[in-house]
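A short write-up of the structure that comes next.
Letters A, B and C mark the chains in the order given here, with residues in each chain numbered from 1 onward.
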Amino acid sequence: MNILEVKGVTKTFGGLVAVNNVSFEVSKGEIFGIIGPNGAGKTTLFNVISGFYRPDKGRIFFDGKEITGQKPHKLAKLGLTRTWQIVKPFLGMKVLDNVLVSIYATKGIVTGMSEEEAIRRAEEILDFVGLLHRKDLLAEALPHGERKRLEIARALATDPKLLMLDEPAGGLTPTEMDEVMDVARRVRESGITVIVIEHNMRVIMNICERIMVLNFGRKIAEGTPEEISTNEEVIKAYLGERFYVKGR
Amino acid sequence: MLGISRKVVLETAKYYIVAALLLIPLPLAGDYVTHVAILVMLYTITAASLDILVGYTGRLSLGHAAFFAVGAYTSTLLAMNLGVSPWIGIFAGGIMASIFGLILGIPSLKLRGPYLAIATLGFGVVVWLMLINLDWLTRGPLGIPGIPPLPSIGPIDFRNKVSFYYVALLFTVISIFLLHLLTKSRAGRIFVAIREDEDAALSIGVDVPLFKVYAFLVATFFAGISGGLYAHYLRYISPEISTLSESIYMLSMTIIGGFGTLIGPVMGAIVLSLLQELLRSYLEYRYLIYGLLIVLVMRFFPKGIYGIIELFLEKAGGGK
Amino acid sequence: MIVQPIEVIEQVILGLMIGGIYGIIGVGLTMIFGVMRLSNFAHGEFYMIGAYIAFTLVSVTGGDPYIVAPLAAIAVGLIGILINKLLFKPLYEEMKEIKGGAAFYFQDLRFIMLTIGLSILFVDLALVLWGPIPLSIPSPLTEVRVIIPGGLSFSLARIITFIVAVATLAALYTFLKVTKTGKAIRATSQNPSAAMLVGINTYKIYDITMFLSTALAALAGCILAPIYNVYPTMGLDVVAKAFVVVITGGMGNVIGSILAGFLIGLAENLGGLFLGTEYKQVVAFIIMIIVLWLKPEGILGGKK
C-alpha cells in the first residue's frame, strides 16, 4: 500500500527546470531517502509535495487522495508534514509552546483537545525527541542540534502519517547525528512513514530502506542502499564526487 | 479564546480587579486629571489592540487611527441620524471598524514589512479622504458637533466627567483583560507563531491567512469601540482623528511601550499621553522633545519602556 | 462637466512636470531601501529642510533659488551622512548578530519607528527655527510665462524645474551605470553579502547612498520652493506619495521609481481633471493598491 504517489511532477522557475518529470512511490511504514548533489531539486521537490509550490505538471496522491496544489496547512491536517533544511523554530516562544501550536493548529483551537490533554501530548513528544527537560526555555536558547530535534517534535505533534525531513542531520556533530537518526528510526517504529533528504551518506545509508537519486532535477536511480551504492550512473553523478571530497 | 484554564482566567482577572479598584478614587484629583485620565484610557485600548497586530501577529499597521475614526463616526451617525442608543452604537462602531478591518486585512494578506506599512498607511489616507469628501454624510472637514452623550442610567448623567470616567474605566479594564486572555489563548500563541515564521506555521497546519484576518478583526474591533467612546465623550469629531499622525501616535505608543507584551503598549499610552500633557507648556518644543525621545528609545532600548523596566528589575534582582 | 482636449494636454504636461519631482524624491527613497533595507519615513523631511535651507540662503545672499539649490542639496546630504553615522550605523552593527525568526521584522519596526521619530523631530525643528507660517521664495522666473502653441502657457519656473528634474535623473542613472562607486551601490543593492565578499565597504556605500538620497530630496524641495510654499509639514505631505511611487516602481528599483514618478504624476493630474480635484490624492493610492495586488514586485517586474 502506497502512502505517497508522485506522478510526473515538473517544476520550473523562469527558464530553469528545477524538477523534471519525477515519479516515485513511497509505501506505508518505510524510510525513503532522497539524495543528489546540490541543486539537484530535492528541496524544490519537497516544496511541491508539501504544497509550498504548485507543480507545473504532474499529480500527487497522498493516502489514496489527490493532493496536487493543496495548501500546506491543509496537507498538515491531512497528515503530511515537513521540516526545514534551515530550521525554523518559533524562536520567541517556549519550547513547549512550539509543540503545542502544532496540536492547536491541526486539532482546532475550539474543538480540539482539552488543554491538559494537549500539554500531556506535547510533553510526550518532547520526551520522545529528548527535549522534555528544555520545555520551559525559549526556543532561541537551544543549540543547533536541539533546534533540529525541536523541529521534528513540532512536526510530530501534527500527528502525521508521513513525515518529510529536509536534511535533519545537516550541520550536526556526529553525536547529534546519531541522536537524530535514532529519533527517525523510532518515528518509523511508531508507524509513521518517513521521507528524508540528506547529504550525509552515513545517515542515509544507515536508516533508509529505499533511496531515490536526483540529478539536475531528474530521477536517475532508485533502489536499496546496496543497489544505489553500486549503480554506475549514481557513482558518476554523485557518489564519486562526494567520495573524493570525503577522502580528502 | 480557548486554551486557557479557568485558573489562569481567574488569576489574570485578579490583577485587573485590583487595578480597577486602585483607579476608582482617581476623579478625586479633580476635573482636569479626570479628563486626561479618560483620554489616556481610550488610548490604552487602541495601543493594546494595535499590539495584537503589530506585536503578536507581526503585522505592521500605519492606519490604526482609521478604525478608531470608523468606530467614532459609525456610532455618531447612528445616534444622530437613526436615533440608535450610543450604548448600542459603540458596539456597532466596533463591528463596523472590523468590517473595514476585513476590507484592509484580506487584500493585504500577502504583504509584509514595508509593503504592508505603506498599504495600511494608504488605507488610512483613503479613509481620511472619505471622511473629508463624503460631506453629505460626515459634514466633511468641519466635523460633527453636538454628538449625543451616553444616555443616562437612572440618576447617572454621563455628561458628567466623573460618571464617564467610570464608564471608560470599565470598558478599558474589560477590553485589556479580554486582549490579555487572547494573547494567552491558543489563538494568541498561533499569532506569535505566525510572527516568528509564516512558512513554519503553515507547514504545521496553521491556516495563516485565517489567523491574520482574525488578528485584524480583533484589533480593529477594539479600536472602533475606543473611537465610539471618544465620540460620545468629547461629543465632537472631525476627520482629524483619522490622520496619519494619529496612526503614528498610536503606533509609537505600542512600539515605544514595548510591543508584543500588551502591558508595554498600555504603559506606552500612559507615558506618551502624560508626556504630551507635561510638555504642553513648552508649546513649540513639544514635538522636538517627543521626537527626540522616540529616537533615543529606539536607538538604545529596542524593547521600549517595558524593556527598560525589565532591565531595571533584573539589576535590582541581581543586586540582592 | 465637459473636458476640453486642451485641458487634457495641459494636465498631461503638468503631470509630467510634477512626475519628474516625484521621480527624484522616489529614487532617493528607493535607493535607501535597496541598499540599506531601510524604510526611511523621514525622507520627506530632507525635502523640507532642503527648501528651508534654500530659503535661508536666498534671503541672506539674495541669490536665485535655482542657483543656491545645489548648495542646499549638498548641505542636506551631509546631514544625511551624519544621521547615518550617528543613528543607523550602530544599529547595523547590532544587527550583525541577528538571529532568525521575527528578528528581521523587529529590526524593520525599529528602523521605521526611529525614522518616524526623526521626522517628528525635524518637523518641529523647522517650526522652531522658521515658524509655522508658509514662506515663499520669490524667483523672477515664476513671473515669466512661456506660451506654447494651442494657447497654453506655463511659467518658466515650472519648465526649468522639469528640465532640472530630468537632467538630475539622467545624471544619477549614468552615475549608477558607469562609475565604480555607482556599480558598487548597485552591487550592494542586489546582493549585500556578495558585495561585501568582493571587498566593497558596506558602510561607505551606506554613507554615499544616504548622501545621494537626502541630497536628491533636498534638491526637489529647492526647485519646487519657488512654485509652492515652504512650510514645516511639507515633507509629511510628500512622503506618503514618495512611498507610493517607490512601491509602484518596485522597492529598490531605480528605473522603476523614475517611471512610476511620471506615471503617478500623470495619473493624478488626469484623475483630478476627470474625477474632480478632491479625488486627486486617492488616485495615487489606487494605482499602488492595484500594483500591490497584481504585481507586488513593481511595474517593471523583478528586474533591478
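In this text, contacts are C-beta pairs under 8 Å (C-beta built on N, C-alpha and C of every residue); 3 or more make two chains touch, one makes a residue touch a chain.
These numbers come from a predicted model, not from an experiment.
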- [ ] When you average C-alpha coordinates per chain, which one falls nearest the overall C-alpha average? Tell me, please.
- [x] B
Open item on the list: Based on mean C-alpha positions, I'd like to know which chain lies farthest from chain B.
Closed with: A
- [ ] Calculate how many whole Å lie between the centre of chain A and the centre of chain B, each centre taken as the average of the chain's C-alpha atoms.
- [x] 42
Open item on the list: Just the number, please: Cα centre separation of chain A and chain C in whole Å.
Closed with: 47
- [ ] State, to the nearest whole Å, the distance from the C-alpha centre of chain B to the C-alpha centre of chain C.
- [x] 32
TODO: Would you give the residues of chain A that are in contact with at least 2 other chains, written as numbers and ranges?
DONE: 88-92
- [ ] At least two other chains touched by the same residue of chain B: list those residues.
- [x] 195-197
Task: Residues within chain C bordering two or more other chains - done: 100-102
Open item on the list: Looking at the complex, which residues from chain C come into contact with chain A?
Closed with: 99-103
- [ ] Give every residue of chain B touching chain A within the complex, in rising order.
- [x] 2-5, 185-187, 189-190, 192-193, 195-197, 199-208, 260
Open item on the list: With touch defined as at the start, can you tell me which chain A residues reach chain C in the complex?
Closed with: 86, 88-92, 140
Task: chain C contact footprint on chain B (complex, rising order) - done: 54, 58, 60, 107-108, 110-111, 113-115, 117-119, 121-122, 125-126, 129, 132-133, 195-197, 244-245, 248, 251-252, 255-256, 259, 284-288, 290-295, 298-299, 302
TODO: Using the touch rule from the top, collect the residues of chain C that touch chain B in their complex.
DONE: 33, 39, 87, 90-91, 100-102, 105-106, 108-110, 112-114, 116-125, 127-128, 236, 240, 243-244, 247, 251, 278-279, 281-282, 285, 288-289, 292-293, 296
